[in-house]
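The following pair of complexes shares a single chain, subunit A, combined with subunit B in the former and subunit C in the latter.
Take a look at the complex of A and B:
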């Protein structure tokens, strides 16, 4: 379970998050949605202890993120940031293998090799495994980063806009893989999404944020209502139903 | 499994070392061998110290055209020396036990490196800002050192000046042993951290996500770099571009940034370049130029070439 209590964040003169409290039980796929600058990425990086906590408290599986040793947390929680910097002269297989670092501190055994190959295959990277990262397209690199996060094998996975740069096929594939991770492996997945229709189909729960606060929280059918969406995104949009899931016509 | 390219590098390094010991031996063989052995030891540990400190520094700052020296870490060391001469006078400075002096200066330098860089690192400052600060501080310490040089007595200046330029010919038997100990210990620690260094190279966010305590890792690595820079500066004086040259060469040779490969490759390349360069200059060109100048010249060219190619990409 992830417990966020009264978390505020202020950078310079800007209030990024204001008194956010949120509880996410173990298991399931939660989508964080909202306009640019709503504080979604900041919330994610606070949960993943990438930024120091200013006020409030956050715990993952009972481990307080600000006091638990980083190495201990890395076995429980994996984070994929938006546009991560990529080191040069690094092969795809090496990067994916780094996902095993929290468990092995660099000594890779047969079990790790198996997990690395499985992750490479799952994300269609087997043919690219020996290519250098700086020779790949943005989407291929993104898949390699996601594969690394999967390879870390943690119960909790936080992904910040993982669909960036992915083509339609791989975006759909990734959402299905995340769904499978939640259903089959009982992992807890929290993902920041810009395409609200992906959230509509694959998420169990949608948390909508705006101006550093949570403005809506519930199952997709509840949150994806025209009036709620207008409040979050600032304009009217139609919502129709296709195959039992809401479809937001946000582009018209 | 040892990499084939590393084995070849090691073989070449051994051959160059053997040539360094034996080429053009004459006169009292025993005396000449002893002298050469001390010089060999000096050059090898300087090469190793510069190579691994540059690799670690480049990894920590995520920048492949930097050396600790470009950031002015050695200027810090020289400034310490100037300050000592100013307070103790040249007589007192010369009379000091060189090992004690070295130890004091190294500790001072490590403390100052931490004091200057750690607050910025802890608050997760942008690395660009950090580098800019480093460069400015480097200029500051160099200027302070030259200010002190103007203030002091010309005789005292002569004492300090000797230690302000790179000089691969002077042998410091008094510092070889202590330098060797520092290089070996720091080298062993860095080798144990080779996998962690691979993760640190991914940047603060990814490294933290993978369980590296970023601030602590950075502080420790900076201390090690400072100690290694102290060794090389104490033994041969400031060398700015040598580290850049050998790390760039080593990266080409092993075609990898993995520290397991890059660290030994950079070490061996440094040894080959230093010893080989010394042999060529001394025995082939008859001492026409000094190694320090040649290496800095070539290294500077590599630095410019790397700047141009990276900005093109």
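Take a look at the complex of A and C:
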């Protein structure tokens, strides 16, 4: 369970988050949605202790993120930031292998090798495994970063706009993989999404943020209503139903 | 490309062994294997001068290349090395201060003082470099040049006021002709630094991916940065105190190895050290034979060879992009 209590964040003169409280039970896929600058990425990086907590408290599986040793948290929680901009010339297999670092501190055993190959396979990277990252396209690089986060094998996975740079096929594939991770491996997945229709189909729960506050929270059918969406994104849009899931016509 | 890597390794490894032997044989006095057996003076020359000099060059080359590599990881910029970012100049400031205040200080004490000032100077550089906008990658090397230039100017001014300019010349122009038995042994600490860097190679690789990836993987990023700063400061100040500043090794070698082998330091880091040693030894030998029997300082030779290599790296980059 992730427990966020009364978290506020202020950077300079800007109030990024204002008194956010949120509980996410173990298991399932939660999508964070909202306009640019709503505070989604900041909330994610606070949960993942990438930024110091200013006020309030956050705990993951009962571990307070500001006091638990980083090494311990790395076995419970993996984070993929938006545009990680890894400039190191690593081969794809090497990069994915570093996902095992929290468990092995550098000594890779047979089990790790198996997990690394499985992650490469899952994200269609087997043929690219011995290529350097700087020889890949943006989408391929993004897949390699996601594979590394998967390979970390943590119960909780936080992903900040993982669909960036992915083509339609791999975007759909990634959402299915995240869904499978939640269903089959009982992992807890929290993902910042811009494509609200991916959230509509794959998420168990949608948390909508605006101006540093949570403005809507519930299952997709509840949150993806015209009036709620207008409040979050600032303009009217139609919502129709296709195959039992809401489809937001946000582009018209 | 993959076939080029084993070839490059072979060339570098055999080059180092060959140059090591060659370095023992080059000098004003004739030194061939048959004379060492029969002539006590030749053996003496080998043990007192030629061998210490050659070992010193190898240790310094390996150390400087590792210092450059570590600094590039800490700064997250491939166009810096300790001499272009104020580390070398800060070390010189430290030696100068000790020489002024305690003229009888031992070489060990001087190195300690130089390490302390180099650590402070590099920490300040790093703190400021991290505040520069990452969208302007060339600001960091430029800032480093200015920063190093300011500290260097302070060193020159103080030395000029106190009539110590000749000493400063010795610290800033690296060369190995003065290396004799008993005057280089501190450089073995460089070997320890290289070993230390290799021991933390995985952590350095992760650090090279940035703070956020490092924290996400449970690495204590702050601690690896501190450790890296100490390594850079100690290596640079040892080099300054014992042989003087030597340019380009720390800049060019990590880039060369990265291009050929990538940045997974568990496998690449030993080759950074070996390549650094080979490059410096080659330049030292060139400096010794080009105007035989006189010598050209190795720093001057590296200025020419290193800038050539650097241009090659730069243009190689744009071709691939």
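Keep in mind that, in the parts below, the second predicted complex is superposed on the first by the 251 of 252 C-alpha atoms of A that agree within 3 Å, B and C clash if a C-alpha of one lies under 4 Å from a C-alpha of the other, contacts with A are read in each partner's own complex, and residues count from 1 in each chain.
Basically, a contact is a pair of C-beta atoms (placed from the backbone, for glycine too) under 8 Å apart; a residue touches a chain by one contact, two chains touch by 3 or more.
For clarity, every value in this text was computed on a predicted model and none was experimentally measured.
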**Message:** Clash or fit: subunit B against subunit C, after overlaying the two structures on subunit A?
**Reply:** clash
**Partner chain in contact with A:71 - subunit B first, subunit C second, else both or neither** = both
**Asked** Between subunit B (first) and subunit C (second), which, if any, makes contact with A:90: first, second, both or neither?
**Response** both
**Request:** Using the touch definition from the top, say if A:247 reaches subunit B (first), subunit C (second), both or neither.
**Result:** neither
**Asked** For A:49, is the partner it touches subunit B (first), subunit C (second), both, or none of the two (neither)?
**Response** both
**Message:** With both complexes superposed on chain A, which partner does A:221 reach: first (subunit B), second (subunit C), both or neither?
**Reply:** neither
**Item:** Shared subunit A contacts, counted only where both subunit B and subunit C touch the same residue
**Value:** 45, 48-50, 69-75, 78-81, 84-90, 94, 98-99, 101-102, 105-106, 152
**Asked** Where on subunit B does subunit A make contact in their complex?
**Response** 62, 64, 124, 194-196, 198-199, 201-206, 208-214, 251, 255-258
**Message:** List the residues on subunit A that touch subunit C in their complex, please.
**Reply:** 45, 48-50, 69-75, 78-81, 84-91, 94, 98-99, 101-102, 105-106, 132, 152
**Prompt:** What part of subunit C is in contact with subunit A in the complex they form?
**Reply:** 76, 202-203, 205-206, 208-213, 215-220, 258-259, 262-264, 266
**Fill in**
In the complex, the residues of subunit A that touch subunit B are 45, 48-51, 69-75, 77-81, 84-90, 94, 98-99, 101-102, 105-107, 152
